[in-house]
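Only one structure is covered here, and it is reproduced in the block below.
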Amino acid sequence: MELPLIHISEDPLELEKITRLVTDDACGAIDIFVGTVRDQTKGKRVLKLDFEAYEKMALSEMAKLAEEAAERWPVKKMAIHHRVGSLAIGEIAVIIAVSTPHRNASFEACKFVIDTLKQTVPIWKKEIFEDGEVWVAAHP
Amino acid sequence: MELPLIHISEDPLELEKITRLVTDDACGAIDIFVGTVRDQTKGKRVLKLDFEAYEKMALSEMAKLAEEAAERWPVKKMAIHHRVGSLAIGEIAVIIAVSTPHRNASFEACKFVIDTLKQTVPIWKKEIFEDGEVWVAAHP
Amino acid sequence: MKINLVAFGITKDILGAREVEYSWDGAQTVGGLLKDLGEKYPQLVDLSSLKVAVNNEYADSEVEITEKDEVVLIPPVSGG
Amino acid sequence: MKINLVAFGITKDILGAREVEYSWDGAQTVGGLLKDLGEKYPQLVDLSSLKVAVNNEYADSEVEITEKDEVVLIPPVSGG
């Protein structure tokens, strides 16, 4: 794998650009996961999401994830971009893009990265409701 | 599922536009598969790929695939865009984008569609080498 | 009976044209057509598979063919 | 010993600030810090989990803490 492209940004994530960055002449497949802000959680209306990151460590944890994925699958290029700040419904919070020679590995590596990112990368989101706000997953 | 967005085109496929079309306020996940032209097959250098489609039937078979996926997973919106004509190395041949409320279903539905598309949709590609050309998969 | 037979991918190369007028003896079915084609174009028999679509749907060998049908040769597909 | 303790997510709300100067009795380790924090801020005990990062790495309870370390509270993460 080439050096993974890891980024945390307050600005909107650029899907076209990220995809161009992972496109590789030796690869026939790119899988891209795009996480967007839903308008509800457990049936309750969400107004927006606020994301914050412990940026230095989040970047290093994301780089570790990319390396772990590259050990398990023949990943050629990978990008993990996460947005922080206040996001409206429908906006993009995260983009993970993985290029591999053949398609199965692109799906598996991309799924591994988003699944593991949600468990290990120090980024937090707060759901803002009409009547309050909640840090997601903070309490059992 | 809303009416799937099925398209066959001689023009470059528009990833950003396709992703916007499947973005949905009720969905937190979009998985996108992008098939690109590789520079080699079984170690032999490929110069370009020529795609042709039996367009009318290909469109109806792709619509069937989308409906089948929506029966098995909670798909909200789906786009299947395939390019035809002569494609250079690195160009995008197909984009499949699927939005679902949660992420696992987006991966599974997207993978189902590309796997099945390659088996059932009447589209053919010819690999152009320096010393000849081959219709892919034509012979055992 | 003569049909307008449409060929894609490698079958276009084997038949030498995208569309040919075609008639054959024997059963006027998908199976009868394939049998006759295989005799006239032995290269078709070497393919990994050869299906026929009648009016935009994959058709089994028992399906009958009439002059008005849109009949298309579908060699192994390779999209994506 | 006094450390500069950094808090993210819900722990920032519980501590009332992004960064606080913090000192405690007992073991000068991650485990000792967590024990003391739990007594002073009982709301921390109610969380699904509470980890500590020392110098950008998740740290087990045995890890020793010195004044120069960057010590950060990591409540349950929820990115993506």
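For clarity, chains are labelled A, B, C and D in written order, and residue numbers in each chain start from 1.
Basically, a contact is a pair of C-beta atoms (placed from the backbone, for glycine too) under 8 Å apart; a residue touches a chain by one contact, two chains touch by 3 or more.
Owing to the predicted nature of the structure, the values given are computational and were not obtained by experimental measurement.
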{"item": "Centroid comparison with chain B (C-alpha atoms), farthest chain", "value": "D"}
{"item": "Averaged-CA centre spacing for the pair chain D and chain C, given as whole angstrom", "value": "72"}
{"item": "Rounded Å distance between chain A and chain C, as computed from the means of their C-alpha atoms", "value": "48"}
{"item": "Euclidean distance of C-alpha centroids - chain A vs chain D, Å", "value": "26"}
{"item": "Chain A: positions in contact with at least two other chains", "value": "35, 114"}
{"item": "Set of chain C residues in contact with two or more other chains", "value": "none"}
{"item": "Interchain contacts (touch definition) - all pairs", "value": "A-B, A-D, B-C"}
{"item": "Parts of chain A lying in touch with chain D, wherever the complex brings them together", "value": "35, 51-54, 56-58, 60, 82, 93-94, 114, 117-126, 135-140"}
{"item": "Of chain B, residues touching chain A in the complex", "value": "15-16, 19, 23-40, 89-90, 99, 101, 103-104, 106-107, 110-111, 114"}
{"item": "Sites on chain C touched by chain B in the complex", "value": "6, 8-10, 13, 46-48, 53, 56-57, 72, 74-80"}
